[in-house]
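Alright, structures below, take your time with them.
In the two complexes below, chain A is the common chain; its partner is chain B in one and chain C in the other.
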Partner chain A sequence: MEPEAVCALRDVSFTYPGAAAPAIQGLDLTIRRGEWVALVGANGSGKSTLAKILNALLIPTRGDCFSCGYRTDREEHHWAIRSRISMVFQNPDNQIVASVVEEDVAFGPENLGVSPGRIREIVRESLCQVGLEEKRRTPTYALSGGQKQRLAIAGALAMRPECLVLDEATAMLDPQGREDVLKILRELHSKGMTLVQITHRLEEILDATRVVVLRNGQIEWEGELPELFERVDRFPEWGLEIPPLVRLTGLLKKRKVLPASCLPSVKELLEHLCP
Partner chain B sequence: MKFLNHLTLGQYVPANSFVHQLDPRCKILSVIALLAGIFLMVHPAAFFAWGGLLLLLSRFSRISFKVVLQGARPVVLLVVFTAGIHLFLTKGTVLWEWGFLSVTREGVTMALRMGLRLFFLVLFAGFLTLTTSPMELSDGLESLFRPFERFGFPAHEMAMMMTIALRFIPTLFDETERILRAQIARGADLEHGGLFRRMKAFIPVLVPLFVIVFQRAEDLALAMEARCYRGGSGRTRMNPLAWKKSDTFAIAGVIAIVAFFVLLDLKG
Partner chain C sequence: MSIRVESLCYVYHPGTPLETQALSGVDLIVERGTWVAVVGQTGSGKSTLAQHLNALLLPSSGRVEVDEVPTTAGALAAREIRRKVGLVFQYPEHQLFAETVREEMAFGPRNWEFPEEEIKNSTRKAMDLLGLPQELLDRSPFELSGGQKRRLSIASVLVSRPDYLVLDEPTAGLDAQGRKELLYLLKRLVKEGLGVVHVTHDLELALTMADRILVLEKGKTVFCGTPGSLLDELLERPVRGLCLPPILELVSGLRSYGYSIPYTLDSEELADCLEREIRS
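Moving on to the complex of A and B:
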């Protein structure tokens, strides 16, 4: 495993019990410290399975997976892995354990055996990071969907992880809730946190440093975001939807209104169209 | 379909009050003492005392009495049913008779007594959940059950199960409401017809609800595992339980009230 690697998968395959085909097949992937890796692909492409493998919630049926230097197939390593790689799931309602905001954030550090004083500090810091410090004593059922997901992120951050894995964490949120979560991710990444973001909304991965496209449990393509948008012709095959801005940019490039090298950002588009 | 609205069963209402700040063990033991008192005593004055105590608790906990009463809504039918059984099946001096049904003087007394007992029981138990967060309740129960661990009793597991059950009550009510609306929108008639027909009409509500409950349970287990949960061993608490003087005074006060009415009963 490379010294800078947070996760390394070597020829990893995983088949769910009773399933005819593997969900993940011969996958090789390295996630380096400080990276923001976006895992994209159609439903059933193996994105969520891969996320669970990284967190040692699923153990590969073949191959080796190392998370934070620990082999995930050893049960004695699971606790160490999960305290370093935190996960945020799709439905916030299914990951909130406690009935009061601060108690839920404290759940992880309590499991790690952190001292009460330090837990209170961590809870305060984590709630500040997600902008929920004023909701500290609020019942969790009284939060909005976006606030619940921010609470789930605070719960994950309270573990003081090296890497945060988000499994379609914005899928059930309204546009404002999505933007709030993405803002938190941008801030975490700017502070050096390694992020693995699973999504099928390409407009949400504009800040990712690397994109991995999964198809039928295999890596179909991997590279940087601008390169991905040069391959829009393959999007239907990969089960990806072309974002409206990318579609517009593509059309403008075809009509030579925009240069071929232009990146699909609103700012650049504006600069070209309204100099 | 408004019957799931305003339910406070198992819900926690955070507030900075004297009752909220009491140790959960003190509150659990006080409720047990009160429940025993409610069932042991027959003196009519006791019921006024319970009512008065509830009003006092509502004031000291800064929770409106209306919210407290809402907690008893789901069991109103049970209270009426219990009172009805005692009203019609208790033998004694007949006050009114119609066919095989008869109402006796003793029946009226018994119906009132049993109905009120059940009503107060629910309200006092409701107070516990209104003023104690499930996590605190779980910590309190775990601490009280700990002596039984040496006999193999799973204290932590029981307490955690209860925490999660209480946490999911509002979520499952929401879920039920959503399924009800969806089925009504698709033409399900849940409000008309006889009892059997209405029970049958609820099957399309219960089946998806059970599926969702199992799915949620699996997801929650995974999320807890991802947050390093592995049972009670090595687990610390953000707010460790600490018995204070106010807890001793509170439980002594409750025991004194219960003891006073027991003595009143014994003398009367």
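Moving on to the complex of A and C:
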């Protein structure tokens, strides 16, 4: 495993018990420290399975996965792996365990046996990172959907992970809630956090340093954002939606109104079109 | 034949410190064979409204009628209303509960006392409609993929042959293809006479699919009309409580910079307008 790798998969396959075909097939992938990897693809392409392999929730049926330097197939490593690679899922209600915000964030470090004084510090820092410090004594049921998802992220951060894996963490949020979560991700990434982001919304991956397209459990394509958006014609076969703004950006590039490097974000388009 | 909502007000926990006015004076008509989108931010009252449409919640004041029967007309009426108005929740896993897909599908129709033979037939039909293979019948709903769970939650409501379908963010978690298929299916069912109430954060989807759009903000109606008239309204002033999809946000930014371009989701049209403006 290269020193900078947070996760390294070597010829990994995974077949669910009783399933005819593997969900992941002969996959090689290295996720390096500080990367923001967007994982996209159709339903059933293997995105969530791959995410669960990264933090040892699923063990490859063939090949090896190393996470944070540990082999995921050894049970004695699972605790270490899962405290270094935290997951955030689509529905925060399934992830929130306590009835008060700060207790929920404290749950993870308490289980790790962290001292009470240190836990207080971690809780405060984690809530600050997601902008919920003022809600620390609020009952969790009283939070909005977006706030709950931010709490779930705080809970993940309280484990002091090296890497955050987000499996459609914004799918159920309203536009404001989504933007709040993305802002947190940008902030975390700028401070060195490794991010693996699974989403169906291409508008949300515009900060990713690398994009991996999965298809039928294999890597169909990988590369950087500008290259991805040069391949819009392949999106339908990859199961990717082409949002109107992406389409418009493509059209304006073809007509030489926009430079080829322009990403399909409102901010970049305004910068180019309103100099 | 329609659902009529008149001056609907709803207060959660009345007379307690937690009292919250969730809806104030909302009017809405959902005819069979039409698609109505309800948009608004979290906490705008969308889900509260949805739950009134099949008598899960009863108005604090005002009224909700389904095919001219008020939802407050007693338990028997409410039972019939719940068959007529199928409700698909936001999270499929909140709705799925049975041990097998077969049981999940049969639960509703058995409740409405459909004959077993008919249940079998309508199960097959509803699963076909949603593209769920029959092989799944003996699987646990919880072993299905996210997209399959979503489609099962819709199939298990359609199997009772409702006249209206209320869906809360039905496309969340579906990929481009799954989303397209579901929207196409709903459009087809609407053509065949189903009334659809589509609760969503996604204004873009509402603008492309719906016949009418209701925008709620803090429990009040801020707009109700056709997608075209909503876009026209945006030319005049911003609509409160409305988060614009990126392409309309861009239009808004460009317009305030001085571009004279329309509010539209049509990227070809926008590209033409922009090119013209820039070259001139």
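Note that in this section the second predicted complex is superposed on the first by the 255 of 275 C-alpha atoms of A that agree within 3 Å, B and C clash if a C-alpha of one lies under 4 Å from a C-alpha of the other, contacts with A are read in each partner's own complex, and residues count from 1 in each chain.
Assume contacts are C-beta pairs under 8 Å (C-beta built on N, C-alpha and C of every residue); 3 or more make two chains touch, one makes a residue touch a chain.
No experiment lies behind these values; they were computed from the predicted model shown.
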Fit-or-clash call for chain B and chain C when the two complexes are aligned on chain A: clash
Partner chain(s) touched by A:Leu57 [first = chain B, second = chain C, both, neither]: first
Touching partner for A:Gly108 - first (chain B), second (chain C), both, neither: first
Partner chain in contact with A:Asn91 - chain B first, chain C second, else both or neither: both
Partner chain(s) touched by A:Leu252 [first = chain B, second = chain C, both, neither]: second
Contacts of A:Ser190 with chain B and chain C, given as first, second, both or neither: neither
Partner chain(s) touched by A:Pro243 [first = chain B, second = chain C, both, neither]: second
First, second, both or neither for A:Pro116, with chain B first and chain C second: first
Footprint overlap on chain A, comparing chain B with chain C: 91, 93-94
In the complex with chain C, residue positions of chain A that touch it: 41-45, 48, 90-91, 93-94, 144-146, 168, 171-177, 200, 203, 235-236, 239-245, 247-248, 251-252, 255, 257, 265-266, 269-270, 273-274
Footprint of chain B on chain A - complex, ascending: 52, 55, 57, 79, 82-83, 86-87, 89, 91, 93-100, 102-103, 106-116, 119-120, 123, 137-141, 155-156, 159
Residues of chain C touching chain A in the complex: 41-43, 90-91, 93, 145-147, 169, 172-179, 201, 204, 243, 245-247, 249-250, 253-254, 257, 259, 265-268, 270-271, 274-275, 278
Chain B residues within the chain A interface of the complex: 11-14, 133-135, 163-164, 166-167, 170-171, 216, 219-220, 222-230, 234-240
